[in-house]
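Labels A, B, C and D are assigned to the chains in the order they are written; within every chain, residues are numbered from 1.
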Amino acid sequence: MEKIKFGCDYLEGAHPRILQRLIETNYEQHEGYSEDAHCDAARQYILQRCKKEDAQVHFLVGGTQTNMTVIAAVLRPHQGVISAHTGHVNVHETGAIEAQGHKVLALPSPDGKLTGDQVRECVWGHRKDENFEHMVQPGMVYVSNPTENGTMYTKAELQDLRAACDECGIPLYLDGARMGYALCAPDNDLWMEDYARLCDLFYIGGTKCGMLMGEALVICNPALQKDFRYILKQKGGMLAKGRLLGVQFEEMFKDGLYEEACGHGIQMALKLKQGFADKGYDFLFDSGSNQQFPILTEEKRAELAEKYDFAFWERVDENRVGVRFCTSWATKESAVDALLADL
Amino acid sequence: MEKIKFGCDYLEGAHPRILQRLIETNYEQHEGYSEDAHCDAARQYILQRCKKEDAQVHFLVGGTQTNMTVIAAVLRPHQGVISAHTGHVNVHETGAIEAQGHKVLALPSPDGKLTGDQVRECVWGHRKDENFEHMVQPGMVYVSNPTENGTMYTKAELQDLRAACDECGIPLYLDGARMGYALCAPDNDLWMEDYARLCDLFYIGGTKCGMLMGEALVICNPALQKDFRYILKQKGGMLAKGRLLGVQFEEMFKDGLYEEACGHGIQMALKLKQGFADKGYDFLFDSGSNQQFPILTEEKRAELAEKYDFAFWERVDENRVGVRFCTSWATKESAVDALLADL
Amino acid sequence: MEKIKFGCDYLEGAHPRILQRLIETNYEQHEGYSEDAHCDAARQYILQRCKKEDAQVHFLVGGTQTNMTVIAAVLRPHQGVISAHTGHVNVHETGAIEAQGHKVLALPSPDGKLTGDQVRECVWGHRKDENFEHMVQPGMVYVSNPTENGTMYTKAELQDLRAACDECGIPLYLDGARMGYALCAPDNDLWMEDYARLCDLFYIGGTKCGMLMGEALVICNPALQKDFRYILKQKGGMLAKGRLLGVQFEEMFKDGLYEEACGHGIQMALKLKQGFADKGYDFLFDSGSNQQFPILTEEKRAELAEKYDFAFWERVDENRVGVRFCTSWATKESAVDALLADL
Amino acid sequence: MEKIKFGCDYLEGAHPRILQRLIETNYEQHEGYSEDAHCDAARQYILQRCKKEDAQVHFLVGGTQTNMTVIAAVLRPHQGVISAHTGHVNVHETGAIEAQGHKVLALPSPDGKLTGDQVRECVWGHRKDENFEHMVQPGMVYVSNPTENGTMYTKAELQDLRAACDECGIPLYLDGARMGYALCAPDNDLWMEDYARLCDLFYIGGTKCGMLMGEALVICNPALQKDFRYILKQKGGMLAKGRLLGVQFEEMFKDGLYEEACGHGIQMALKLKQGFADKGYDFLFDSGSNQQFPILTEEKRAELAEKYDFAFWERVDENRVGVRFCTSWATKESAVDALLADL
């Protein structure tokens, strides 16, 4: 019997409305490279959400591609990007950032978040070091929301990062691979217009939030917009049939499908979290997002692993491990119920 | 009124059978990163065609991405890739190859093809130059079939390139972005097993041949297979929902859909070609592929441009220009008929 | 018997005054990385020559290093550098520019020089191409004076290049590896203040002009000066004992040693040129610089090669080849006399 | 009055015998690019020391340049280099390694040394991680001896690193910028033939050990030798007047000048160390090398700083800092005596 999978949030295809729109638009003839009417419409919907008319919206296929393209576009050769040690760009992109020539300046973080003071200390520490020219210059800040650990920034925290970046004169870039889930989390107080106001660049994740694939990069800071499409093309991220990304994001943002899809994922995650808590399980991180990190005994882990697929995260002690369960727009409630029953 | 478009071969979405399969498989839960059953099935179909069991098949999203990833994986830092001056890697990838650190060693070619002797001369010329260490070392050969000019290699020509590469000890890489059309062209004598036998690496184009997106890279030479997936990830080419590529290529190759789709494109191209020829038009190149390059007077070009979309290619003389008409799996015969009637 | 060498202009060590100063300053204790008093003094001498107080002067060890560091510092990722096809960056640096991620946009040139109109055509042609984002954007211009062919720019020609760069909004960089010889050539009308006024960046060659090693880069355009020392360090070009470069350039420019040394090289070159001309030899290029390119029969070439070392340049016809004789600050007049006697 | 400088070990020019030889050989005519008789002689002396006839010796100008060139030559794109967190490649090369496209995999180290077990854990941990393809693959090990902290490997420790590298199948590279001082340290049990036997590549530092500039890279592993000179040229490290490096290393190794020069530096360092210890000072690290790291009160530091130049290293507590005093081949005993008197 096939296991029920909670291993990640890209296990299924796409929300059925997405597929339906691809079929409906299939024989339309469109210019390539995201210069079509659907991309334009999607851009408009996104800009309306952002309440930032001078922003640019670009569509890319995947997250690593987006991160490496953005960072390559923003930094000069001697600069690096500040990231939490657990940041995706630091640990899970096979050195894509370094392959662009840039060091990831990794800072410690117990929960996956960076603070404004960490940024200040890193940048000002660099500038007053007498050997500063012999060291990589901090050139931008990378954060993700939700983080790799499921934690989420509050508006106050993101404002503090913005303030720190302003003080230091470096841009703030936010990876929103799972932004849809953050938008639907009960405690969330960061909306798309906040991201657009507080970040120099950020991307709205599609792949993990109900689309076949696709990420929408918003370049809020006009000073960083020039010639971005050249770099997009050079890094292999300019999709020939760009309309595919346009159609999907258009559908996602024309009437709230993005939140509808992700909202379901969050409901499933919170039900799962509550179920574990009710049974007395502890968690690695206090996540309000679609990734939950309960701590299991080795015995329980082995038992659950016979019927469910989920990820090892880190060892807690000799007998216990932290694991990760992901939900998504596609998670069946029956799957969560079955899991909780097996606890 | 909207123009009828012959501007490129990625104007529409995908063959309806492709979309149908995406819907049927939508709720299946699959591992990410092309480690799913559909990718495996697609690999098997492709390997059977290739009659090469020790080949590796990898799925990528687009052509520039595939070219840059392959070249980065194959070359050492001091090596460059030999290409026709008109090669896609030389002129239409915004320097993606150079961004990987490698020079494109561009050789002249009137028709877009390279010859074995050009390769021999380039490599042996380099080796006997007394300043060889001060120059980029030719490290591999890039060709495309059909070429950017719609011309196609014969088996004898590709065998000669293979022989040249063997003599020089460098690998041969073939870009098959439009391979499907070559396979269906009347004069073709190169089949997939020939590509697999004669090339060290080649890719089978999906984007321009009826799929939403996707290219299937075949690494025939085992010496070049090691750790390729790391590099695929690093360059942003490892699709999270790899199953999308698997499902599409599986459908394309399980019963001949690839040739069915591209065969239509070739029929339309040849009808268009014949129509131009019947009216006495000359052509820039003698193309048997899905790209046709008739020469028009400026007057005719302007007249046709009111109803049809097609690409400027190059100026022939003061009054005449060469243009490009592309057909594809999706071209309507009525569109071709209308065009020919307007000649 | 050892051959007399005319193979290049870096056959000997350094002008004896240079060595003398190294000895005199040997036990002085100086900060590293060119932050010492000798570097400062050398910078002042150079800036005085340039009549440009807001220029920056940096010291590097060699020419390839200087070229790759400058180009890496100036260009954004999607940009390339315009160069004559024969330019050093295009053919004799083992792809150092591409290794920085940038394409060399090579333009044809019979004599090694670029014209303003070539630059205009390249840049404006790019900008109006409908696929411009799919092609490398011309981002700067590289020229050398004297060129690889010994030819030299006139002031009018360099002014035209400057005007073209201004019209296009891209910087002009001049490689002066052999600038000392240009300064001493009879027909020269370009002085250091002209370079400083007409170029955004240029370097004054030391290695080929009487120093042990070293090139002095002048960044005239303040917009290109920011953080250059970081990049210098990153590319391996920041010499620990920077004082060595400072002492040498200080000696070269404090009282005209640079011109004294190179002036001798030019006298020897012109004597050699006249000698060949008197015997009826033709030349590949009309060089007024320290490189001379007579055309020899194969027979004569073989005969001379028994006693003299010189470089093959290019085949002229079945029986004749163009060769290169280099003179320098160290060429003995007796060597030139012996050669001419053997003609 | 000028301060007495202990700030680094490249404060002065070169050992007088080095300068003398440059003068004696100045007018010899030599091929460029280290293909001359002096480089050949120097190579022979070094190979004799190494007792390894199939090794290759290359001459470079500086340490950062050597490190980045070696690492670029050895690694494939998806690989990184393991280093102590304090390693020069990780902290003091302005991202030169990342600029080559490679991540530095930094491991913690209290004393600047790596252990075999750290290497084993890093490599085997990577290989058994289920997401290994999403992470940088450890591809080589970088160590320096003496380390940045003045500590030195014992033969047993280096043998263990060698064993670990053999088990993991990755090369070991040793940065010997200050190797001369290690060779002269009282407790040293590692000789050049040990380095040659235990490392795949290592370099013998010249810049900090009595030469004007220059590092001699020994590539012991024949599998890593192919085409190295191409890469040397591409990275800007091939000195035109390579004879300068040849003459210096020839002089250093023909009769023991290297050890004579560095032996003096060690004597001065140990005298300084003993002097501090006698006065009851503690040290940050137990260094037997030419770098000494006493711990001073802020008051003492300020007092000494009026007459002496030395480097801040790290804060120990609110009132005390660790500092660095460097000696070298050129340190005057009177300077050490003066310093000790002022304690």
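Rule of thumb we're sticking to: a contact is a pair of C-beta atoms (placed from the backbone, for glycine too) under 8 Å apart; a residue touches a chain by one contact, two chains touch by 3 or more.
Being a predicted model, the structure only gives us computed values, none of them experimental.
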When you check each chain against chain C and chain D, which touch both of them? A, B
Of A-B and B-C, the pair joined by more C-beta contact pairs is A-B
Using Cα averages as centroids, what's the distance between chain B and chain C in whole Å? 42
Centroid spacing, where centroids are CA-atom means, of chain A and chain C in whole angstrom: 49
Approximate Å spacing (C-alpha centroids) for the pair chain A, chain B: 33
Residues in chain A with touches to at least two other chains are numbered 77-78, 93-95, 99-101, 133-134, 137, 230-231, 233-234, 238
Chains as vertices, touching pairs as edges: which of line, ring, star, complete or other describes this one? complete
In the complex, go through chain B and note every residue touching chain A. 2, 4-5, 7-8, 10-14, 16, 19, 22-23, 25-32, 61-65, 68-69, 93-96, 99, 207-208, 212-213, 230-231, 233-241, 243-244, 330
Which of the residues in chain A come into contact with chain C in the complex? 33, 72-73, 76-78, 100-101, 133-134, 137, 227, 229-231, 233-234, 238
Within their complex, state which residues of chain D touch chain A. 77-78, 80, 91-95, 98-104, 130-131, 133-137, 312
